[in-house]
Amino acid sequence: MGFGPFLLLALMEGLVTAAVLSLAAVGLSLVFGVMRVVNVAHGEFFMLGAVIAWFVAGLVPGPAWMAFLAALVLAPLVVGALAAAVDGLVLKRLNYDPEATIVATIGVMYMVQQAALSFYGPDARPVAAPFDWRFQLPWFGYSGYKLFVVAAAVAVLLAVWLGMTRTRAGLVMRATQVDRDVARAFGIDVERVYMGTFALGAGLAAMGAVLYVPISQAHYLMGHDPLLLSFIVVIIGGLGSLRGTLVAALVIGLSDGVISMFFSPTLAKILATLLVAMVLVFRPQGLFGAKA
Amino acid sequence: MTTTSLFTPSRRRVLQGMGAGLATAALPGHVWGQAAPLKIGFQLHRTGIGAAYGRWYERTTTAAAAAINAAGGIAGRQVEILYEDDATDPKRGAEVVEKLAGPSGCDLIMGTLFSHVVMGAAPRAGELKIPYLVCSEGYHVASGALNRWVLQPGITDVRAQISTMAPWVASTLGKKVTMVFPDYAFGHDHRDFFTTAIAAQGGEVIAQIAIPPTETSFTRYFPQIPAETEVLYHVMVGPAVLTFVKELGEFYGTGAKPALFGFIDSLEAVDTASPGLEFLEGSHFWEGHCRAKPADAGEAETAYRAAVGVDDNGASVSDAKDVSTYAHMFSCWETLYFIKQAVEASGYAGPADRQKLVEAMEAVTDLPEGAERPQGPMRFDGKKHQAFGVQNISKMEGGKLVRVHQTTIEEGLYDNDTDYTAMSF
Amino acid sequence: MSLLSARGLTRHFGGIRAVDGVDFDLEPGEIHALIGPNGAGKTTLVSLLSGRIPAQAGTITLAGEDITRLPAHARVRRGLAYTFQITSIFPGLTVFDNVALAVQGGRQPGALGPTVEAALARVGLQGMGAEVAGTLSYGHQRLLELAMGLALAPRVLILDEPTQGLAAGEIEGFKALVRGLVPQVAVLLIEHNMEVVMDLATRITVLTSGRVLARGTPAEIRADKAVQEAYLGA
Amino acid sequence: MRAWAVHLAVLAALLAAGLLLPGYHTTNLARILVLATFAAGYNLAFGYTGLLSLGHAMFFAAGMYAAALPAWHWGWPAAPALLAGTAGGALMALATGALALRTAGVSFMIVTLMFAQAFALAILYFNGWTGGDEGFVIPSASRHLFGTSLAADTPRFLAAWSLFALGLLLSLALVRSRFGRVMVALRENEERARMLGINPFAAKLKVLVISGAWSGAAGAAYALLFGYAGGSFAGIQYSILPMLYVLLGGAGTTLGAVLGAGLMFYLTEFASSVTSAWLFLVGLVLVVLVLFAPKGILGWVRARLWRELP
């Protein structure tokens, strides 16, 4: 394959990676930004979304897109409700202490993983894409659904951005993010905002997983990578910055894609990882974070 | 040493037991209520990355133990299997060996699959001087890296498996091979041994693409597959395998593509008729044990499937979506029968006889096909502590794997310097 | 020669010229007050002097040595101490540990015990070493802050709004304390309380919009028309 | 004085337990003490200095390989291998810390995480030399210290205990020293510490190097005592484990690390003996424990019972 087509493929793949990253990270960006807690169970919420998509696919008859739409609605609701319960039962009682939250969410991670293993099983299972369209370029073929994921990621990010900037709920969340004590003084029910944010963050992770699972597969350990990558994206982007999250996802996705053209896969992965780390080393506040 | 004379009666009784359904309940209690049970510790991948295998390893072993018990147990003693989860982790694996050997009071330990767990736990087994029979297919045992207490009697090691594939690949599919494999031990064994083996057939590996194990998407590496590739040799493990195949299909699509040859490890516990796997149609796979029941399958194969609870497609009889790890799990069954054979041959009575037991194991040579070995005949090399059996090559036809070739034991034999019998206990 | 001196000191934040080409001299043994309306650049100026933020242009010398490029902690070790506007003690540590940290980091890290006790005695906190700093009253916390500054054994002590939040009685004690520091230490004082400024300072510099508006003795400043317009009279 | 007495008593109790309990527990204790040494190193960085690292697996693994590779390839005996491991962990901390300490807080967490990921991948990439994920068995000739085989229960335990005891007493001396005060100051308020003449970068780098040396010594000891080195020890879970141990036992307490490590081990052991869904039980207990003691068990003790607990 010539260099041109190779680059084209690398860029397309990079774009898809960026889309997946931003879908996984957008919820974490909210939670981390507003609540300033490290939710180690974020990846498990993502996994649950994928697993629910698999169950729904088995339950909803008819064409794949119907099950897909059903999962797209159902998974965020179920996972969001679970997250709200975790918030109310555990995190609130810990007063969102950063360190205690890490331990608690590690505990939640174990419980969710075991529940998935017991009720869903250890196998990797595929979920059909809502539509089956593949197109052939002169040099290689490509999945149409992957491009749909890119579009969906753009739509989700746009919706979250509009929600944060144009709605009252978004305003309340941003106010809480800036200073929770001041927000409380202005009569904002901070605990409700936190519960809502935590549920929304988890719901977004689940929705991202429903979109992602047709190009991957559902597996009970699949939450691990989205967790780490989400954290990386959110921090590189700059805490609480949606634009930063998007740009960081693009930087990581595209650099990953392009670097993989020139090196053997493992070496490419090492170099891409170090490159992204260096971004933070020389810009510790992230790409769009406020200077300290 | 003759093994058939020891085995014939029990084999018949196994089959009788199976025919009668759960015959265990029907057997009079006093027959096996006298001697203390033989406790076999099973190091199980119940959680972690190996869990899909672990579940079937557990089912197979439980079935084998039930069959043996129904037929009177081992040397008149009932077999009790103690499963202990190692989380597919070498550190926990070592702890599990200690627990099984210590407080659990097991006579011996078996069952480990993932090679890093074997490596991490083997030194402890050696120090605790307890036989440790792995079902891993790794080359770690035969390579001589481990110790006198570690044996692999139930499955052919990957070096032998791979070497037997090369002649067929070179003569049937092509001589210019590109390999795609995970960048860890299992993949490295493939890389090293297949490259050598295909060269011996006048073929050549023209590219080696090692994929880091954390990777979840593969398309961007496919352009590294040289255009002149005749055979794409792929062996991936882990949950991302489905993505790998799906993306490969999308990448090549309707265009020209190399012949595909893979190891079924990629698709263990995965339904070969899954959406996205259509691309594999017409491609070939190594199978240790054919998942879809071959037309010429004998009595032992049928009985084995019935005992474990696997249908003719290799899925659970109770849930057709629950696909087994058929190409590997037979190793648990055969390892347990190997234990039976060695315990009975050595007159093993308790932990004090463990050394005698290992020596009896090392003395085993021929392991004929039968109810004990539904996968086929094997030959055990006491010096290498490794069994060698026949291998299968199957073709994907209509979403189902159909055997097209079977290798002989001799094709897989190789020479190396390993001689565990020269090592002290 | 002045003890601490700055020439053409400049720091912009985006479009805002927080400090814009300021020359400044602190003479040995003086109490120099820095005043100006909110946003005049007082805190930025002392932050530049102490090295908490780097200067974009200009030079700073301490006793003749160019310290422009030195990081803050190195300036502290050379005798340039800074106490925080908002009480910034280590609330989880004992009073002793708070002061001991200053002794360790200061110019003459010697035997901890006596030095710490001397610094505490100087501000009137003797015998309170075992208390946890966070449990002290606000006034005591301000005194502890000062004790930490003193324990650094500084040549220059920068006090950023030291009387903020203190009761009238406490302010009197504070003034006496600061007067007792000179002439061994030169004091640079940012202060809003004009009574304190006029009472303590030997010289005053008035900043507005990042520039020096006037400089002189308290009497001169009081009489300065421009200052009255820009600040006092406003 | 009371603190030293308590620590010596804990060490004596551990020694007695290791020597008197059956072999199985002796080995468990040996493993717990090695991991507790690792966690104690982590605790110096995280618990005392506030450096939230998610990359300590890289120091542990650097120590493990710095000891195990010379043993495997060149037949080094245990003593120099152990020293090499300690140095390996320290050097890795020096190299990565010099870069990562340009950042702070969550950025530091992510940078250390990514360096550790790169290191773990490098172990796979250079598999011809490192043994990759499968790892390798340490030759038994290298597992002798002072003429005694470390593969036997009691010597292994004594070696682990000695390492832990050394680490614990050094930790105690360190946190009660002048520098220990600086560490806590950096955790509590770095900017204030800077204005007290403390060079935060240099001090934090020093802590990280000490922490790396500890972790490296633990990694080397693990390889030599249990006979195996492998890539899984460089994985993210070995960065999370010491954090979990420390948070559970009590961050910023010298004894928290061993308490957390022991608790997690026996919790797993107990959970897997009562249910095959043991992971759920472990998770549940973690949640309940943290609800009961958000600052860890010794954090709770310090808040309620004994303020001066070091």
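Labels A, B, C and D are assigned to the chains in the order they are written; within every chain, residues are numbered from 1.
Rule of thumb we're sticking to: a residue touches a chain if its C-beta (ideal position, glycine included) is under 8 Å from a C-beta of that chain, and two chains touch if they have at least 3 such contacts.
Since the model is a prediction, treat every value here as computed from it, not as a measurement.
The chains other than subunit D, kept in their positions, cluster through touching into A, B | C. Path length between subunit A and subunit C in the touching-chain graph (shortest route): 2.
Among the other chains, C has the CA centre that is most remote from the centre of subunit B. Mean C-alpha positions place subunit A and subunit D at a centre distance of 31 Å. Note: centroid distance subunit B to subunit D, computed from Cα atoms, is 36 Å. Distance from the subunit B centre to the subunit C centre is 75 Å, each centre being the mean of its Cα atoms.
For subunit C, the set of residues touching two or more other chains is empty. Multi-chain contact residues of subunit B (touching two or more other chains) are listed as 47, 183, 212, 214.
Multi-chain contact residues, meaning those touching two or more other chains, occur in subunit A at positions 113-114, 117, 266, 269. Remark: the chains found to touch one another pair up as A-B, A-D, B-D, C-D. Here subunit A touches subunit B in the complex through residues 1, 5-6, 9-10, 13-14, 16-17, 113-114, 117, 121-126, 128, 134, 136, 140-143, 215-217, 219-222, 225, 256-257, 260-261, 264-266, 269, going by the rule given at the top.
Chain contact summary for the complex, subunit D toward subunit B: residues 22-24, 27-28, 31, 121, 124-125, 127, 131-138, 151-152, 226-228, 230-233, 268-269, 272, 276, 278-279. Contact residues of subunit D toward subunit A in the complex are 99-100, 102-104, 106-107, 109-111, 113-115, 117-118, 121-122, 124-125, 236, 240, 243-244, 247-248, 251, 277-280, 282-287, 289-291, 294-295.
By the touch rule above, subunit B contacts subunit D in their complex via residues 46-47, 83-85, 89-92, 94-95, 98-99, 102-103, 115-116, 119-120, 122-124, 127, 138, 140, 145-147, 183-185, 188, 212-214.
Those residues of subunit C that touch subunit D in the complex are listed here as 50, 52, 71-74, 76-77, 81-82, 84, 88-93, 97, 100-102, 104-106, 112, 148, 152.
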